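Note that the chains are named A, B and C in the order they appear, and that numbering of residues resets to 1 at the start of each chain.
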Amino acid sequence: MTFPEPSGPGLPEPGGLVPVSTGPGAAGPGPVAPPPAVGSAPAPGTTSGSTTTAARTPSSGRSARLLLNVLTYAILAGGLVLTLAPFVLSVMTAFKSPGQFASQPALTVPAPATIENFLQLFSGDRNFWAPIVVTAQVVLVAVVGQLGFSVLAAYAFARIQFPLRDALFWVYLATMMVPQVVTIIPLYTLFSQLGLRNTFWALVLPFVFGSPYAIFLLREYFRSIPEDLISAARLDGAGTLRILFSIVLPLSRPILATLTIITVVSHWNNFLWPLIITSGRTWQTVTVATAGLQSQYNGNWTLVMAATTIAMAPLLVLFAIFQRNIISSIAITGFK
Amino acid sequence: MASKLARREAGIGYLLLAPSLFGILAFLVLPILVVIWLSLNSWDLLSPARYVGLDNFAHVFADRAFLRSLGVTLLFVLLVIPVQTALGLFAATLLSRGLPGSAFLRVIYVIPWICAPLALGVVWKWIFAPTGGALNAVLGANTAWLSDPVLALPAVAAVSIWSQVGYVTLFFMAGLAAVPDQLLDAARIDGANAWQTFWQVKLPLLRPTMFFVLVTGVISSFQAFDTIYALTPNGGPQGSTDVIATRIYAEAFQTFNLGRASVMALVLFAVLVLVTLAQQFYFRKRITYDLS
Amino acid sequence: MRHLWRRGAAAAAGVAAMALAVTACSPAAENNSSSSNSGNTTVTVRLWDEQVQKAYDTSFKQFESENPGITVKTVLEPYSTYFDKLRTDVSGGNADDIFWVSSSYFAPYADNGNLMEIGSAFDAAKSGWVPAAVDQYTRNGKLWGVPQLTDGGIADYYNKDLVAKAGVDVSNLEWNPTDPSKDTFLKAAQKLTLDANGKTADDPAFDANNIVQYGFNASQDLQAIYYNFIGSNGGAFQDGEKFVFANDQSVQAFQYIVDLINKYHVAPSAADTNDNGDFLRDQFIQGKVALFQSGTYNLKNVADGAKFDWAVAPMPAGPKGRVSVVNNIIAAGNAKTAHQDATQKVLQWLGSKDGAEFIGAEGAAVPAVTDAQGPYEKFWQNKNIDVSQFAKAAEGTTISAPVGSNYGAAANAWKPIFNEIFLGRTPVKEGLKQAQDAANAAMGK
């Protein structure tokens, strides 16, 4: 389950939000009236409020609004610069030679740009490919396992009658409150004593059996699927799995896509658990390799920035492609 | 017949549940039992564990480094949460004016949140570097940001805020979009200006959003580790950035006092439960009131 | 629609199958010490020094050709996390078959039966090892590893151009914490420190906020800096396993170093160096530091990196002359290795003249196998670099590196306080007292 769930700052780790407000087996919606998804919300130009206020005194109103617009853009542009500058600067540094870096101010554009840091990163003993491949495998197994098992559990909770169902669901919800930092030491002890430390299994086992959070979201979603569809299929003689795979899942693609994205992001970025449970290069993940590189080549910033660039690039590309879905995913997971 | 069918269905239910239940028991319930057991033992990873009763608790509650880390964590949360919430709300208000380009900017602001906090920490460590770092180059200064006991925690908090503001903004945008137009029109007819509308109409309606943003923000800030570990690996100058999570890590995996580290973990757990319940209690009352 | 979905599901299942197929394969699989397929045993050796790793790799090629059936792989772990990782690895049963340990950290492993005893099988080779190293790693009457490196003593690398420009003679400098008239070292260091206007640090117009060249690498560096200053002032760091570094002579020594940084500005702020042990080495290599006090472990780095003329001078003498720290590194066998015999063989190879010669052949480090030191000396002779100062320092008065059953915890306890002392924010005397208490508490547990 998700317990050392990678909790990046801000990951919608629902902590106590969900369990306490939806009591045991409560059928109701989320804790608070869910505002609509962000993705669909404030398309430019559709907003209410101030845009129509200018009717009274056209000239002064118009210039006031112009001023307000200019001010808004100025502030937003400032935010844009602040947001992007660290990325731009670090990538610039990654393309400088150590000599250029030492002799020029930090803000100068690399001239000529060099890829020697990246070559060094992927050459010889440092071999940054290995952590990328390892992390990709972890992500793959985590996505398939976590989602698969979560779907099964969520379906059981949503659509099947069995004794202790509500009590068990309450246990699942309660587990979301346990922070990762609390389980990390005992999990380390368990894996270490079982001789599983520094294995691929150690990286994925704690996650692969599903996530209570995903189960919670999926259960809510499954419950919203009209009962008629399911009973009709059952009358046609379809079994539980058949119903799950041919009716429920096809209707649940948005939530599945959302959970996939969340899982990919959180496992690619996961750090504390891999840091503790692996050692050496064999099962190093990208974040652990980056941290190791930074402590080993402390001060060799051009090489280190090449590593951070590589560590962040895949998710940035993913983000560029799926930004719409990701933005609405954040809203769904935040509010369902 | 019916009961047979019900039994069959129950069987399927348990079958579907089995893998995740195993996961819960093995990787969550069991670890909690283990952490309690560890907290009663002294173990340095090499010599065999030794039962010491409540010694670890006594030691931890007298441990100045740990008590300091509680304070540092609280200060960190108090720096991050208000600033990040206010900035997020402000950005959301501006973006919700619907000027062309707002949708694009909204996407840009979320970028830091997507990236690995560890990698961001390393990037910012360079930016803060006294020699060769970007920030001193911009300011023409010579400041040792991360080595100064006064500046280090605000610097670390700033990185945390920077990486999360865009994410918070998204929620407030969603909240603002859900404010019914009729209410805004009514406010305008009553002669309220934009400032009054914001405080008296929009903000009260944003309470659910506020609740979510605060709860998730506080909980994740209490556990912050990756960025802080990357920026100030040894707890920072005078332990000024040594939050609970980094303290637990150091106690367990650098000083090798697994028992004491387990006690600290249990304390953090208790604190988080209390924080959650307190927030729940406070907001629940407010929300029920507002929605009724 | 449904058809499409089914195809999607099939694809997902395919991906899942693939995921399981590729599972458990890492392109960097080197740690598989258990993979003894078809009689081929892999022995892994963990260390923290990249230069020696290269030397080992060539050495082990030779070993493999003489010992078919055994493959030896090296594993590099950065020094800053080396001993944290080692502890968890040994505890979790996945430590490498052979790993380096330094004198400060080896005690708990020896006491808890984690290391192979270097027993009678090594008797013949033992006499060829540096005696100081054998002494250092003998605990409870038993030797716990094969000596690999001996660091020699500490000396000062200097940038010939910068020294010549300043008109300073660095061949016999003296420092003195109480009598400025005898202190030639500080004056030299000041002459070697320049601000952006070319003013030296002893010039009243010197701009301490705008320094472009530093005279000396004063910093919180146990082996290269403060241990030697303590020794040269007649102070002590440890008495047995007890820390005593708050004694008067040591306080004077620390005060002197801290003043070099914060009062005289001949070394960069501790903000740059406290958490970055390589900062000053890199600055020296870039020609921004004139005098760089260090050991043979940086010889190769400096030789490969520096683009200017440099040489090695003795370190400055204190009131008690030159007292240098000496240290040795051993390769220890993992007592729980799955391949006892192969590991023993590799250890024997590392302790032999043939095996250890590679360590010095490229000038990476001084082998602790005495007979194997020839190639090391020859390498630097051929490069026309006189490295005799390191050996001379080791032959003079020495002070031995810290030890202790719980050294790591003690070092963690004093480190944050030392950070503050070097940053000039905690008074030296007060800070050292605090740090001493903290270190002794951590050591005693």
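In this section, a residue touches a chain if its C-beta (ideal position, glycine included) is under 8 Å from a C-beta of that chain, and two chains touch if they have at least 3 such contacts.
In this text, all values refer to a predicted model and were calculated from it rather than measured experimentally.
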Name the chain whose C-alpha centroid is farthest from the C-alpha centroid of subunit B. C
Chains linked by the largest number of contacting C-beta pairs: A-B
So how far apart, in whole Å, are subunit B and subunit C when each is placed at the average of its C-alpha atoms? 38
Taking the mean of the CA coordinates per chain, how far is subunit A from subunit C in Å? 40
Take the average of all CA coordinates in subunit A, do the same for subunit B, and state the distance between these two points in whole angstrom. 14
Contacts with 2+ other chains: residues of subunit B: 233, 253
Where in subunit C do residues touch at least two different other chains? 88, 91, 275, 279
Can you list the subunit A residues in contact with two or more other chains? 102, 188, 276, 295
Subunit C - residues contacting subunit A, complex: 1-2, 5-6, 9, 12, 15-16, 19-20, 22-32, 46, 50, 53, 75-81, 85, 88-89, 91-94, 96, 275-279, 282, 286
Contact footprint of subunit A on subunit B as seen in their complex: 6, 9-10, 12-14, 16-17, 19-24, 26-35, 38, 91, 94-103, 105-120, 122-127, 129, 132-134, 136-138, 160, 162-164, 166-168, 170-171, 173-179, 181, 184-185, 188, 194, 197, 208-209, 211-212, 215-217, 219-227, 229-230, 233, 244-245, 248-249, 252-253, 258, 261-262, 265-266, 268-269, 272-273, 276-277, 279-280, 284, 287, 291
Of all residues in subunit A, those that touch subunit C in their complex: 102, 125, 127, 129-131, 133-134, 137, 140-141, 144, 148, 188, 191-192, 195, 197-201, 245-246, 249-250, 276, 279-284, 292, 295-296, 298-300
Partner subunit B, residues of subunit C touching it in the complex: 84, 87-88, 90-91, 108-109, 111-112, 114, 209, 268-272, 274-275, 279, 408-409, 412, 415-416, 419-420, 423, 425, 442, 445
Can you list the subunit B residues touching subunit C in their complex? 44-47, 130-131, 142, 144, 146-149, 233-235, 237-239, 250, 253-257
